[in-house]
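Naming follows writing order (A, B, C, D and E), and every chain is counted from residue 1.
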Amino acid sequence: MRPENYQAVNHPPSNEYELNFGPNHPGIEGNYALKVKLQGDTVVEARADAGYLHRGFEKLMEDRLWIQNISLVPRICVPDPVPMEVCYSLAVEELAGLELPERAQWLRVLQLELSRIAAHLFYFGGHAATTGMYTPMYWGVADRDLLLDLFEELTGGRVYSIYNMPGGVRQDIPRGFLQRLSDTLDYIEGRLKDYDNLFFTNQIFVKRAKGIGIISQEQALEWSVTGPNLRACGLEFDVRRDDPYLIYDQLKFDIPTEHGGDAWARTLVRRLEMVESISIIRQVIKALPDIKGPVRTPIPNPLAWRVPAGDSYARVESSKGELAYYVVSNGGDKPYRVHIRGPSAMHAVQVLEKLAVGCRVEDVAQTMFSLDACPPEVDR
Amino acid sequence: MSNTDLSNIEVNQKPVAKRSNPFANVFNELVSFCRSRSMFMLHYCTGCGAIELPPAMTSRFDMERLGIQPMVTPRQADILLITGYVSIKTLKRVILTYEQMGAPKYVIGICSCTVNGGMYWQSYATAKKLDEYIPVDLYIAGCMPRPEAVIEGLQQLMAKIKTDEANSWKKYYEHYDYYLGNQQHLFGNNWQTPTDIIGEAKTYQLEGPNTLGEHTKILESVQRPLEPLEMKL
Amino acid sequence: MSAAHSQNLNVLLQEIEGIHLTHHNPRRLRADIAAEALPALLALLRGRASYVHLSAISCVDWIEENQFELVYHLWSYETSVLISAHIRIPREPGIYLSVFDIYTPAAFFERDIHEMFGVYFEGSPDMSKFILTEWNGPPPMRKDFNSEKWVMETFSWQEYHPDWLKDLEEQGGGIVSTPESIRMDNK
Amino acid sequence: MQVTLLTIMEVILMPIVAFIIGLFMVLMMRKLAARLQRRVGPPLFQPLFDIVKLYGKQTQISHGMIHDIGIIMAVGGYVAAEALLPVPGMDGIAAKGGLITLAYLTMVPSLGLALGVGQCANPNGSIGISRALTSMLAYDIPFIIVIFGVAYQFSSTNLVDIIATQQAGGFSTWGISEMPVLAVAGLFAMHASLGKQPFEIYIAPAEIATGPMVEMGGKFLGGLFVMQSFQLYTASVLYVSLFLGGGENWITFLLKSFGVLAIPVVIAYLFPRYRTDDLVRLVWKWPVMLALIGIAFVMN
Amino acid sequence: MKMKLKSKKAPVIDHSDSGSLLNPLKNLQFLARKPVTEPLKPRLASLNYRGFHLNDWEECVGCASCQKICDNAAITMVEIPGLPNDPVKGIRNHRPAIDYGRCCWCALCVDICPSSSLSLSREYVHTCDQEHIDSYFILPDPNGIHKEHFGKGWQKTEHSDLLSLTRSVMAELEPENRIDNFDEIVDGFTPEQAVLEASRCVQCGMCHDSCPTNMHAPEYIRAIWNNDAEEAVRQIYRTNPFAHVCGRVCTHRCEDACSIGIRGEPIAIRWLKRYAMDSVSHERIKEIVNEGNTAKSSGKKVAIIGAGPAGLTAAFDLVRSGHQVEVFEALPHAGGMTRYGIPDYRLPFDTLQQDIDIITSLGVKIHYNCIIGKNKRMSTLRKNFDAVILAIGLSQGRQTRIKNSDHRHVYRAVDLLQKISTGEEIELPHSVAVIGGGNVAMDIARSLARLQKQQYGKVQITLTALEEQQHFMADPEEIKESLEEGIVIKDSCGPQGCEIDNDGKLTGLKTWKVTSIFDEQHRFAPQYDEEQEVVHNCEAVIEAIGQFADTSLLGKELTEQLEWNRGRLQIDENGQTSEDWLWSAGDCVNGPDVVHAVADGHRVAASIEQQLKVKTQ
């Protein structure tokens, strides 16, 4: 606890006092802060304070070659890095008019969904921890690690795969990978039963999560809520289906929704999404051996690759919601401007500030975690 | 950057004065041993390397085997893990946190970014060399290092603590002027923290010739008096 | 999107004067309009064309033309078409109207653009600093701010001198080119 | 004279024994947690290492006299309580003190903590301690009822007598078989008094960043760690003494006390915590109801 | 707990469910299950793990491409004495050193590495304390940073390779369209092709180092990539006034040294130069060359004998330094061998003329048809000028001196080429045997082939050489094109004599099969297999086995004064002869090569410049 956390508030008649959640606080996801004003146990005002993870990505990207940026982008959202790479690549491919080989598209879907499962496993561990239950965190992170092993095998890196590149992916799958992937998926699917028992049907957890941080459908649309948080309000919107990219229009998958719009509904949506993602990956495993061809369309020498002038707006459904890259080229060898619309930029700032008001102090952390906000997406 | 060059800083090679009392020595060794076997790690995710800490803490790589467990507040923690880049905004908090931690305290710099800026070397928002602001005991290479590497690094630190070699916290007191100078260079001259480092240095008898200098003079000129609650030894 | 939707939309958009529409692909529509006409366009899109989702507001600094380009990315869940409305405002003084009253999320993006580019949005609820509270320099995303130069002036780097390098220097070898020197050459 | 000397020795020895057993109880708690979490867990002497290290810290930040006294009270309350808890072969002053004194003494640490934390002037600490007192208020009601019931059943407030009575007829005369409802209520109260999930409202790192412990470092935190091992010991041994017939010998004593402690500990790692208001409502509802039913049976 | 089964999929939890208190207790089973914890020892990383760097020093050429692609500015190039350093082969003794305080292990350096020497290992643990922070700066070698073997992790594959290894295609005349005329074969790049080709360059600078005149190829390639042909011309003229010529017929050592050429086709540096020169108008080039030329007249005079590349390059340099330069050329046109030795289809005369025009436009005065030793004497030159350069080239063809080689239908290639280029009538034989495997042999064979096609409608040319075809001195392209044009190549044939029939008519060339060319001491001593004797039927034999300089112009007195070395003028490293007023440059000292001649011209000019400066002071 930092001393600046306990500054006296200068309006003596009220019994309000200020409390800082973060930046060094286990109830905050990542390095982020929320200044809340409390009256008794109830929050009367909340102000987000970001910038602890600010690195000036958008500035850095303007100073690096188109290809060099692929090692930069996954760092924008650490728990779910793949959508960052894919989305940037999609934007650049559109600008450069690069055809994406079919095999590469399937491989990207494979990674995106794997990453989604990994992010959700990580997420609900965190969510459970905010309510004082640590076992799901230990389990979730350990099971996520099995997926990271797969990433390591496929891409050479555990977390930052740096595997997608404008034009495709960097390497083909290693021998026997699909079998191991399939085995791991079976294992994870089997584990979902344990998670249900431990966490999703845990009466005390349900009691705590129900009715926390309710977003109505109207509010959700008004505040530009996206992703699982939007679907938890009963709105069946998903970039994968509404604005399909890669080969998502060839895949069969449900878009799980819940009604209620509270922390509990958001948790359930993510739980169901894991099942859907597993089924998508199974479809990929089935289809992939029949899809031959290269995994990458060659690009010119990256040191001197110029992308034609223009702009493009690529959108991807990440585990947190709608992720978009606005890329502008002036025909040079570096992007002229890249703007990253992280889904959490909405969730962690405006939505959280509004939802926190009226919350009891013990539910603030849960509200933030249930939104699955990722602070580096805000800070960039 | 600052007037003193990093190379001027020498490690505190003064051997811990062996007390004549054999029991005291045994006691010292026992404490060192326990220190190495019980490390409380501050739960502070400064940067992206923090994503590999949960795996290291949880079931797959289980840090608790080594007696390491995460702690929530700096007062309770022994190790400060700087997991990757520190933005200037975070760096202020890191320094505050570091100063609040109880000695002996250890700092581990994880990832490239803590050494020479890493990926973000051209970024206007991140600090480049962690060692300019707080002394570092150990670096773990990687971007980001795998949980195994983190655990390997922690074992190295354990070995150092056991033999009483991890003394970087003393360096902070002995060369406070250098660190403060670099902090002022980045945060401006009216930078101050609620912890009275000079007072602590005197208490621990770690005040060296480089504890005070031109930068601490600046600090004294801008410092508002510390409230008794904020700093008491 | 369905043909009816598309036609509907085109008819609606013709109400805005001086609008120039370009289709990048079936789901991307670019609209270039005058800065004054933007609020009317947004009100129209939100009120009558189901464009309830403001995906993002992007700012581009065209320093050579002395202009800021503001791009409003709007998405309709019904038509599944993304409209990017592009406007240009003069770089000096860099003031524009907030669209917070039409789209709530605009508050975040406007605050962000204000912080990063120094564009002021009149009527936005909060223009105070958010991410860069500890930053005293110019708005960093402006093209005339050179981050690398600032970093080079502010920070120092590790001066490695490992044993193998000393050995090589004794033999007459040593460092030929540092990465920084290469970058300076290119500029 | 010799009796007195023996008593003094026992009074000194009993807390030490309690501390050692308590350390192993902490270890068991962490090991069980590790097992449930599918990992290995800490080494054998980990609890001891932690405490020695904390006392060996160079920086010991105190927030004033009351802060120090608070910690002394927290540990001292339990140390005193241990002398009132008979173990096989050692009765200490249990025969003289009695159950009521013990019940009072177990409240002292919480109050001491409240004093100490209040001195730290950290809002998180204050919230934490107010929650701790709330939960104490909550679990003390069933606890007192249970103690009253037990005392009524055995017509004694002397733990030595109570244990002797239970041991007289083997399992059938144990508190648990004579008053099973009360025993369940007692288990609830014990779980709540340990402050483990789902009753862990005052530590709650994610909500109030470890509450009372927020400003504790070095030996103060060490004190809390010591207190924790005493607390585990006290709670389980008290329960064993009241309902499981105490320890016939050291083996059964240890088995019983570790076994009874395992129940709340295991549950703690499978459940989240309640909200503060839910907790009070819950604890006043079910355990109190059970305790009252139990006492009704006893009175019959 | 209420569990509803929605589809056949996993049981779905409903929002209205309130959960169960017993369900979590089912997990008590984990008390009896084994932990999933891994052992403390670090696991072996995956097969393509991106761990610490490895660099195969044998493969690495020190091109620094890794340094350029590194987005984190982590790579420093370090010179390592003792490693091979050969600019001609494109090898430097530089090796990358990596700063692990910057590196992010993205492996872009591996993927771009032209020589495939870099790879990442499966090792990933490195820790150090503040005192040993230097260990974060490593020089990757094949052994790994801790000298422990972990095996290679991430390596370049065909998918991850970032270089474009194939040239952008340039249009050229098909054999059937070019064989009956002297039109230029290659079209040159279109702007798009040129930019694409220029974009392949990794700017390693090997070309600059290997070029005899150290042309600034990376800079002009970059300029072409930037669509700035004028800047490219500016860069080219920094070192080479024979830009048009070198853009077409240079021996392009740069391309042999090119890093991209290690695994793929080298950058077409020569064609890019040509593209730059062709895309800027002649007048504009003149302006560019004259930019910043403010040298005042020095009042010194320099005479140059021979208006070939060496002589004119020296003239170009000297006149720009303010000296008065006069060139004496024996033939009616300037250009030397480039004019009289290279056929039109490789180097059109008007392009050569443009180069010469630029040089003369600077104020160089050329006296054509002025033969030294006949029209003017060396002693006059010595008297009237402050310095004299001898750049007379290799004008005389060597002879094989085989049996009957004095027949009148046995020609020297240079003589014939000169005649063809000046449009002189020659007695065109129906069938020809050419002796020699160099570029001159190809030139004469292909020129004659064109004439034969024009006059007789068919090509009957046999080319014989001592070497095997893959060891010919000629460019591979020339050989390929010759074959396409219908020239028959008989390699490993040692000429033994010309067959003459009773009428004294030449009927053929007798050759023996060559078994070896050099002896054990690497001296020229061909061995033949006399069993394998072939007679190539032909009406004429052309000797194209080399040229020599005609130094008779020096006069007897001067020849005796000068020092000689094995029949060649003795010169120092600056091209100065033993006489302090006389320099010699070009083919006559170096052997035939345009770009060497240019380099020589610069060297000599610099030497003269320096000496004249000393004299003035």
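Here is the rule we go by: contacts are C-beta pairs under 8 Å (C-beta built on N, C-alpha and C of every residue); 3 or more make two chains touch, one makes a residue touch a chain.
This structure is a prediction, so every number in the text was calculated from the model and none was measured.
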For subunit B and subunit D, chains touching each: A, E
Chain labels contacting subunit B and also subunit C: A, E
A-D or C-E - the one linked by more C-beta pairs in contact: A-D
Chain nearest the overall Cα centroid: A
Chain of greatest Cα-centre distance to subunit E: D
Whole-Å gap separating subunit B and subunit E, where each centre is the average of the chain's CA atoms: 57
Interchain centroid distance [CA atoms averaged], subunit A/subunit C, Å: 21
Where subunit A and subunit E are represented by their mean Cα positions, the distance between them in whole Å: 52
Distance from subunit B to subunit A - Cα centre to Cα centre, in angstrom: 32
Interface hub residues of subunit A, defined as touching at least two other chains: 1, 25-26, 51, 54, 56, 59-60, 63, 71-72, 135, 138-139, 142, 160, 198, 202, 204-205, 207, 379
Subunit C residues counted as touching two or more neighbouring chains: 132-134, 140, 147-148, 158
Where subunit E touches two or more other chains, by residue: 24, 27, 35-37, 45, 68, 71, 73-74, 99, 101-102, 104-105, 133, 136
Pairs of chains, among all present, that meet the touch criterion: A-B, A-C, A-D, A-E, B-C, B-D, B-E, C-E, D-E
Subunit B partner contacts - residues on subunit D that touch it in the complex: 30, 34, 37-43, 45-46, 48-50, 52-53, 56-64, 121, 205, 209-210, 213-218, 221
Contact footprint of subunit E on subunit C as seen in their complex: 158, 160-165, 168, 171-180, 182-183
Complex interface listing, subunit C residues touching subunit B: 132-137, 140, 145, 147-148, 150-151, 154-159
Touch list for subunit B against partner subunit E, complex: 11, 59-62, 65, 112, 115-119, 121-122, 131, 135-143, 145-146, 148-149, 151-153, 155-156, 160, 168
Touch list for subunit B against partner subunit C, complex: 1, 7, 88-89, 92, 115-117, 121-125, 127-129, 132, 185-188
